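Each structure below is given as structure tokens.
There are two complexes below, and they share subunit A, which is joined by subunit B in the first and by subunit C in the second.
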Partner chain A sequence: MKKGILAKVTLALIFAYLFFPIVATILFSVATRWSTTILPEGYTLSYYQQLFASSEFMHALLRTVYASFATIILSILLIVPSLYLAIVYYPRLEKLFEILSILPFAMPGVILAIGMIQMYSRGPLRIANTPWILIGSYFVLILPFMYQAIKNSFRTINVKTLTEAALMLGCGKLETFIKVIFPNVLRGVISAALISVSVLFGEFVLANLLVGDNYETIQIYLYKLQKVDGHLANALVAAYFLVILFMSLLLIWLAFRTRKHKTIV
Partner chain B sequence: MQTNLSTNKVTHWGKELRRGGVLWIPFIPLLVFALAFEILPMGYIIYSSVHTSKGFGLEAYAQIINSKYYLISLRNSLLVSIAVGIIGLLIGTIGALALRSLSDAWREKLLTLVNMTSNFSGVPLAFAYIVLLGVNGLVTVLAKEKLGLDLYGAGFNLFSWTGIVLVYIYFTVPLAFMLMYPAVYAIKQDIIEAAQIMGASRAYFWRRVGLPILLPAMLGSFTLLFANALGAYATAYALTSSNNSLVSITIANLVTGDIFPDPTLASALAVVMACFLSLSIAINARLKKSSGGMGL
Partner chain C sequence: MSHVQILDVEKSFQGRQVLKRINLQVEKGEFVTLLGPSGCGKTTLLRIIAGLERSDGGKVFVGGKEIIEGLKKKAQNIGMVFQSYALFPNLTAYENIAFGLKINKISPPQIRQQVEEIMAILSIAGKEKNYPHQMSGGQQQRVALARALVTKPDLLLLDEPLSAVDAKVRESARSLIRDIQQKMGITTIFVTHDQLEALVMSDRIVILDSGEIMQQGKPEEIYNKPANRFVANFIGSYNFLPGSLLGLPNKNVEVCIRPEHIKLVKLDSLAQEEDASAHQLQGTLTNLYILGNTIRAEVSVQGKTLLVDRLNGFQASNFVLQEEVRLLLKKDALNTLGITS
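On to the complex of A and B.
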């Protein structure tokens, strides 16, 4: 039994290490004064009020929401149909998706950004410093997550058999995709979208290098805010983490529903 | 031989496309976007790195090799990534091993928590650490007041290498945990019992059975953690925006910097960095292929 206790103490230490900065950030965001005591001396929500009352914050948040949602909808439109066709009709083309989703590992944000800045600052397509270049780069950034999640949901519904069954029953190819396949993978697509939202809301490199002040996203706003008002910036970090927490819970709930759904069927 | 193989592949793809009729149309927009924002930018960096004001040449690469400054930034990045990869991997592996002592339900709950903390990186993470361990951070002040421990007096500085390594380890641990968990899970209780019945002590079991099982997965996970740390930019930028001795920050400064913008040199450095990243990804792919274990 000694082993069990040792393992639990180790786990407790690691989790304390991982959650200490998060708990401290959240506590600090509602603290009136907190300097030489173990816990804050008083609590307040005024930092959040100040933050949400700021129009700069709201605009930055909206810009991030627009760019993220545009990218995610675009990615779904581009990836879902083609990946479906690849799996069902052109198995060899799946290799293409694998290559496209492994490349970002060899060229992280910094490298991608400096390639794109140089390419799109001149020439026919001058989209550097506009939201368009950001959407393009975000598409590449979330591609691996999108591909993995959507591929998995195609696998779980056994998409090939389902297609064959629908076709045999007299359903057209387009009708099969829209009425049979898509509703069945919708949950997987939603989880892919949620994962992408958490990635894109935390994205700083591409936004900072590609658009900077011309399209101030929430992370760029946060970076600037820290220099002006540390406590307000901290409230934003706490809010950001609470959003991630909410997303994670939503994802777990979705996964749980899928599992329950499967056992019923 | 190599070309022969690839032409075969191409004609095979062609055959599949012809057979499918118009079903290949959805691939066109996907390819256009992938080309425009992924493949062409990559090609452009290589092109730009050999395209100097005087024509084509390898001057930028020569400049990197002959410059102490760029070599040091590369060395710094590699050292930090290796150190962070090893420490993160050790903590993550120990955590994953410890997780085996829990029931299934608890294990799943804790894994989701770990997964959640893996989202905590970049600028928000750097700022959380500034609140805690900055010059007037909560922990810094508390340690001084209550324990009489002057962290900054003892040589600690969040805005230096110690800080960067500390924060990098934080975002590496959850990843290492998630990467090592499946491999650790493969060491089932019955293997341990079988070894014990045959007279192996616990230490002997781990030395001769447990560790050899884990080693390929550890190496594979290390390559990913290393690549992740090497490519990181936001965390270090938020901590030490003026200190540009990491290669990712040096590259960005060379393109956006107001003082000496030099896209050719930035591209050359990016190519060098991409080579290191590709190498570690290739090792990972090879390990995955040979062991069927951890990979991307």
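On to the complex of A and C.
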């Protein structure tokens, strides 16, 4: 009995610790004035109106969306086929991929950014200060998440036997990949993509160091906004929080669906 | 020319030879079983026939066409059922079965007709919209079989398709597969490590061990006349005893006899069977237990334990353990395997 109460109290405290700032942020984003009272003196949605009406915000949002989605599509196009080929035809390569996929963890963002600026400001591939360098480094940043999630979805099916079954039925190798393998790992790929979206939407260090004002992403915009108007910044954070929350729920739902659909292959 | 020709096929994995110059012919419509313990090379041989594995040497022809690994398999039309069924999890039973026909660009009405036909034959009609995970092991197995059969293959390859279902389903699946194979007249190569499956289903059994064919023949030939000690040991139970024990002229010869060909009688029983048709031995009854439809006795004869099987219903209660008993070994059931080492 006692144990149960203690556990509940602990949980409640943790939740309060986590949620209090979020609630405060959301409240502040809809408060007219909030200085001497416990709760705001009045409520308004005008900051959200301002935010969504601002072209600067919309552009920043679109830039983030472009960079994130380009990165994710690029990594899906690269990782899924390479992992498939490794599993079915070159099992020895899988270990190499594994090591490569963990490597980004060993590389702090600052080091990665400075290294990349030095590398790509001269020479044949001069992409420093362009979105391309951002996409390139974002690719490295999300590689561990993408790789692990996609690898796990490959694990849920018997890739090699399914491939052979399709081949025996007259499929070509590419056809097998497109018609049989890809649809079966799609869920894993989507959840990998969702994780990556939330990582990339929150990314500031690389964006600030690599492209900064040349390609103002949503986080850079937020950084600037904080110095100008607290209410607006809070509205942005609240909106951002809701998007991430929505995506997390989608992820959880997907994970559950996948588990239910798990088959004996 | 035989429908399937396997000529001097060899294969090694990391320096270990798993197939040693295998030569095997399969006639059209024949049901041939590759039987052997795990690691004997039977699955590797099947995969080479399927064109899923490259051989190190030798050739395989199916219906006169050479099988080459890595080549697109549209033309070769070989159906295969995998041990794990390998149904496509994202497709329904109907879509799974129709898959091969679609790839071969058959017209939709014809696909529908052929799929429905094969589903009826395999009594899985009504499961069209079920996904693999919504079906039992037995149903999944039928879908896998239907998927392999619907293209009317020149050759059907079965890689231990019965090992993943429970005993009851396995029994009915055995006769189902055999029935359909007979009805459709499909040349079939079946891989198993289960001797009973092999005996029940096959026209011909090919016994493999360490990459070599030990013996091939009809089920009754394999059972009654094993060519060597390995086959004798692998199929059913066998008693091996030195010729000297029976007082045979050649003392170095090893003979073997099935447990069901030995008769167990009381020591003091009237020796009515004491004729020339049986050898007699005396021993101690050390164990007696029921195997189902038979009762097995273990009798120790000069330090060697012999197994004796009698039909259940035999008067086991007449015997007590440690009793001295008499064994009658039918002479025409004795099998000499050659000189012992």
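Some notes on this structure:
Here is the rule we go by: the second predicted complex is superposed on the first by the 260 of 265 C-alpha atoms of A that agree within 3 Å, B and C clash if a C-alpha of one lies under 4 Å from a C-alpha of the other, contacts with A are read in each partner's own complex, and residues count from 1 in each chain.
Going forward, a contact is a pair of C-beta atoms (placed from the backbone, for glycine too) under 8 Å apart; a residue touches a chain by one contact, two chains touch by 3 or more.
On a predicted model such as this, the values are computed, not experimentally measured, just so you know.
When the two structures are aligned on the shared chain, A:66 is found in touch with neither subunit B nor subunit C. In the superposed model, A:237 makes contact with subunit B only, not with subunit C.
By the document's definition of touching, of the two partners only subunit C reaches A:169; subunit B does not.
In the overlay built on the shared chain, the residue A:36 is in contact with subunit B alone; subunit C does not reach it.
More subunit A residues lie in contact with B than with the other chain of the pair subunit B and subunit C. Of the two partner chains placed by superposition, only subunit B is touched by A:222; subunit C is not. In the superposed model, A:10 lies in contact with subunit B only, and not with subunit C. The contact surfaces that subunit B and subunit C form on subunit A in the two complexes do not overlap at any residue. Against subunit A, in their complex, subunit B makes its touches with residues 9, 12-13, 16-17, 19-20, 23-24, 26-27, 29-30, 33-34, 36-42, 44-45, 48, 91, 94-95, 97-102, 110, 112-117, 119-125, 127-132, 138, 141-142, 145-146, 170, 173-174, 177, 224, 227, 230-234, 237-238, 248, 251-252, 255-256, 263, 266-267, 270, 273-274, 277-278, 281, 285, 296.
Residues of subunit A touching subunit C in their complex: 157-158, 161-162, 164-172, 175, 180, 183-184, 261-265. Per the touch definition, subunit C reaches subunit A in the complex via residues 50, 52, 72-74, 77-80, 82, 84-90, 99-100, 103-104, 131-133, 137, 140, 147-148, 151.
Residues 3-4, 6-8, 10-11, 14-15, 17-22, 24-25, 28, 34-36, 38, 74, 77-79, 81-82, 85-86, 89-90, 92-93, 96, 100, 102-119, 125, 136-137, 139-140, 143-144, 173, 198-199, 202-205, 208-209, 212, 219, 222-223, 226, 230, 233-234, 237, 240-241, 244-245, 248, 252 of subunit A touch subunit B in their complex.
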